[in-house]
C-alpha cells in the first residue's frame, strides 16, 4: 500500500496512530487520561458497530423472511424480546425462557459433540500403534500412552493424590506441564507477529519506512 | 530494598522495561534489516506445489476464504496474498469469501498487494468477491450443496445470476480446491463439510497458534498443504520469489523471539544464583 | 459408540447420585482454588477493595464449547458473591456476554437476598462490554482505576486471558483462574495464584455445594475415567501387537 | 402455579431442547429441520440480547454523566461517540442497505475501529512477554519442564533457532507435535466429561449457575 494522499485518509492514518499510542501508554507507562480517552471511544464504537451489524443480521435472517411469509420467524423474535423483561422487576422471570432455549442448545450440542472427538478419537489415536517406522515412532507411541493414562489419573477428583496414586498422578502433572509449556511457546509467534505489525505501522506513519 | 543484589533485581525488573525493550526490538529490524535466511519446510512447500504447475489448470475455480480480520493481517495476509498471486498466474478463477465482517478491508488490501496480478483480470469473469457470510458450519455445508442460496448476490449486491463466473459455480463439484486462512474455525468447517464429505482438495493458511492442531490434519492428508503463521507466509514469499511483508517481518520475529528466550535465561540465572546465596 | 458412551456416563453419574442421596458420603479431593475463594474475599475485606469476577468472552450460552463454561463460571460467581456479601465486600462482575447478563444479574441479586441484604445490591456492579478488544481494554482500565484486591477469572476465555490476568498481576491482586479452553490454560496458569484446570472448572460448583448427590455425580465421572484408563491401557497393549480390536470398537 | 411457570417449565424447555439435539445427532444422518430451526432461533435470540447489554452500558454512562460521578467526562465522551457511530451506521443501512455506505461511519470504521482493534489484539504481545518472564522460572521440576518445552518451541518457531543450533527445530517440533499431545488430549477427555456431568446436573436442576434465583425462596 502506498502512503495516502487524500487529506481525509492522511488524517485517518494519524488518528489510528495516535489512538494506538494512547492504548499502548497503558503498558508502556501507566493508566492515564489518554488511555481512558481511547478506551471509552473504543468501547462506544465497538458497541455501536456490533449493534448495527447485529441489526443488519437480524433484518436479513429474521425480519425479511418473516415479512416474506416465513411466519415461524416470529418465535425467535418474540423470545428474543422476552429477554428484555430483565428490565422490569416483576416480570424478570420471563427472561428465563429464551435463556432456557439457548442453554438447552448449548448443552445439547456440547455434550453430543464432545464425546467422539474429545474422548473416543483421542483414545483411538493414542492406542493405534505406528504401522511401520523407526524406533522414534515407538518411543512417541509409548510416551503418549503413558502420558495420557497418568494425566487422566491426575484428574481423578474423588481421590487424594496419596499412597498408590501418588507416583502416577505426579508423573501425570509433569506431562501436563510439558503440554502447557509447548502451547505457551506456540502462541508467542502469533502474538509477536501482531505486535510486529503494529511496530511496522508505527514506523510507516512516520515515513521512516515505506508503506 | 537496598540490600537487594543484582540477581534479585534481575528477577523483579519492572515489566514496563520489558515492554519498551520489546517494542523497540521489534522496530529496529525494519530500519536495519538483517535478512537471515528462511528455510522452507515441507508442509509449506506442499501447499505451494498444490496450487501451481499441473495441479491447477486455467479456468479451474478455486475458493479462497478470508477467515481472518484486519487485526490478524500481519499473520495471515502475506501467505494468502502469495497464494492468490500464484493462482491468478496459473489462470485459475477465484471465488473470494469471508467470515469476518471487516472482510471487505482484507479483500481491498489483497487487491492492492497483488495489484499487478489483478490488473489483467476482470471482475466477475476471473474472480468474484462474495463477501461476508454468517451461519458457521451449516452455511459452509450449504455452500457445498447449493452455493447460490448462501450467496444470492455478491458483496456489491449484484445478483449471482448476473455474474458470468458464478454460472459455473453451484456446489462442490465445480471447485478444484479450497484455501482457507483462519483465526477461527472456518477451515475446520471446510474440512468436515467439503474435504471429508466430498474429497475436495483443501489447504490451510493458519495462524501459528493453531499450528499444532492443524498439523495432524496435514499429516493425515486432509490438508494437502499447510502454512503456519507469518513464518509460513515468509516461506511462501521465498517460494514465489517475491519477498514481501512476511519476509520483512521475519527479522523482527527473530529478534523478539531471541529476546524473550534471553530474558527467560537471565531471569533463571538470577533466580538460581540468588537461591544459592540464600 | 458415542451413544453407548453417553448412556454409560449418564448411568454412572445417576447411580452415584442415587447412592449419595441414600446417604453415602463421597469426598472430593482438595481443590486449592476453591479453598482460596474465602481467602480472596477476606483479603478484599481487609483492604477495603472489591473482588472482580469475569467469565471471558469466548462464546454465548448457545455455544457448544463455551456456553457450559460460562454457566460453570456463574455457579462459582454465586459462591463468590455469597462470601462477599457476608463479608461486606463489593463485587464487580464484568460480563461481556449479553445473553448471560440476565443470569449474572439474577445470581448476584439472589446472593444479596440470601444474605438478607437485598437493598445493598447495586446494578452498576455488573458491567457489560461489547466485543473482545473493548472488553479487554475496558477491564484493564477498571483494574487500574478500582484496584480490586482479588480477581476470579473463570470461564471460557480467549486471547483476553493473558492481558486481563497480567493486568491483575500488575496491581498485585490475588487471582483465581479457571478455564476449559486449552489454548488459554498456560496463561492463566502462569499468571494466577490458583487455577481450576478443565474438568475442575465444571466440578467446582458441585464441590462447593458439598451436596451429597452432586458429589455423587463427580464420583460417577471418576468411574468413567477409570474405565477410560483401563480401555487405553488394554488398547495400548493390544496395539503393540497390532491387534486393533479396541480401536475398532471405539470407532464404531 | 407461579413456581411451575418460573421453574419447572424452564427446566422442561431446557431438557427438551437438549434431548432434541441428541435425537438429531443419533438418528438423523443430515440436519434435522426441527433442530436446525432451533439453532437458527438461538442465534437470533443471542443477537437480540445484545441490545440488553447495550441498554445497561448506556444506562451506566448516562447515570455517570448526570450525577457527575468520578470520570463523568469520559462517560459523556462514550455517549457522544456511541451516538455518532450508531446513528451514521443506521442511516447508512436504512438508506442504502449497507452501513458502510455512510461516509462518516465508514471513515470511523476504517480509521478508528480497525486500528484500535489491531492495537488491542496486539497488546497481548506485551503481556505474554512479561508472563513468560515470570512463569518460566525453574522453581521445581514441573516449572522447569514447562520452561524447557516453552523455550524450545519459541526458538523453533523463528528462523533464528536453526541458525543457533540445527537441533533446535528438531526438538521444538517434537514438543509441538508429540510432547504436548498427552496434555492436550487429557484436557479434551476430562473437559468433555466435566461438561457432560455439569450438563447432567444442570438438567436435573442441581446446578444453580443456570437456575440462579430461579426459585426465589
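As written, the chains take the letters A, B, C and D, and residue 1 is the first residue of each chain.
The definition used in the following text is that a contact is a pair of C-beta atoms (placed from the backbone, for glycine too) under 8 Å apart; a residue touches a chain by one contact, two chains touch by 3 or more.
Bear in mind that the values here come from a model prediction, so they are computed numbers and not experimental data.
Student: Considering A-C alongside A-D, which chain pair is linked by more C-beta pairs in contact?
Tutor: A-D
Student: I'd like the most central chain, judged by C-alpha centroids against the all-protein C-alpha centroid.
Tutor: Smallest centre-to-centre distance to the global C-alpha mean: chain A.
Student: Taking the mean of the CA coordinates per chain, how far is chain A from chain D in Å?
Tutor: Once rounded, the distance between the two centres reads 5 Å.
Student: Using mean CA coordinates as chain centres, what's the chain C-chain D distance in Å?
Tutor: 15
Student: Mind checking the centre-to-centre distance between chain B and chain C? Centres are C-alpha means, answer in whole Å.
Tutor: 33
Student: Which parts of chain C, given as residue numbers and ranges, touch two or more other chains?
Tutor: In chain C, residues 2, 6, 60-62, 68, 71, 99, 101-103, 106, 129-130, 133-134, 137, 145, 159, 166, 182-183, 185-187, 189-190, 197-200, 203, 218, 221, 225, 228 touch at least two other chains, as defined above.
Student: Residues of chain A that touch two or more other chains: which are they?
Tutor: Answer for chain A, listing residues that touch two or more other chains: 23-24, 26-27, 36, 38-39, 42-43, 46-47, 49-51, 53, 57, 61, 83, 86, 96, 99, 101-103, 105, 107, 109-115, 119, 123, 126, 148, 152, 155, 176, 180-184, 186-189, 191-192, 194-195, 197.
Student: Would you please write down the residue numbers of chain B that are in contact with two or more other chains?
Tutor: If we look for residues of chain B contacting two or more partner chains, we find 15, 19, 22-23, 71-73, 134, 208-209, 211-212, 229, 231, 253, 257, 260.
Student: Hey, which residues of chain D end up touching chain C in the complex?
Tutor: Contacts found on chain D: 22, 25-26, 39, 42-43, 45-46, 49-54, 56-57, 60, 63, 71, 116-117, 120-121, 123-124, 127-128, 130-132, 134-135, 146, 184, 186-191, 193-202, 204, 206-210, 212-214, 216.
Student: Which bits of chain A are touching chain B when the two form their complex?
Tutor: Interface residues on chain A, with respect to chain B: 1, 24, 27-29, 53, 57, 61, 182-183, 186-190, 192-197, 199-200, 202-203, 208-209.
Student: Under the stated contact criterion, what part of chain C meets chain D in this complex?
Tutor: Residues 2-3, 6, 9-10, 13-14, 17, 60-62, 68-69, 71-78, 98-99, 101-103, 106-107, 109-110, 113, 123-124, 126-130, 133-134, 136-137, 145, 159, 162-163, 165-167, 169, 180, 182, 185-187, 189-191, 197-203, 205-206, 209, 211, 213-214, 217-218, 220-221, 224-225, 228 of chain C touch chain D in their complex.
Student: Across the complex, what residues on chain A touch chain D?
Tutor: It comes out as residues 8, 11-13, 15-17, 19-20, 23-24, 26-27, 36-58, 61-62, 72-73, 75-77, 79-81, 83-84, 86-87, 93, 96-105, 107-115, 117-119, 122-123, 126, 140, 143-144, 146-148, 150-152, 154-155, 172-189, 191-192, 194-195, 197-198, 201.
Student: Which residues, counting only chain B, touch chain D once they are in their complex?
Tutor: It comes out as residues 11, 13, 15, 18-19, 22-23, 36-39, 69-73, 102, 104-105, 134-135, 138, 141, 157, 208, 211-212, 215-216, 229, 231, 234, 250, 253-255, 257-258, 260-261, 263-264, 267-268, 271-272.
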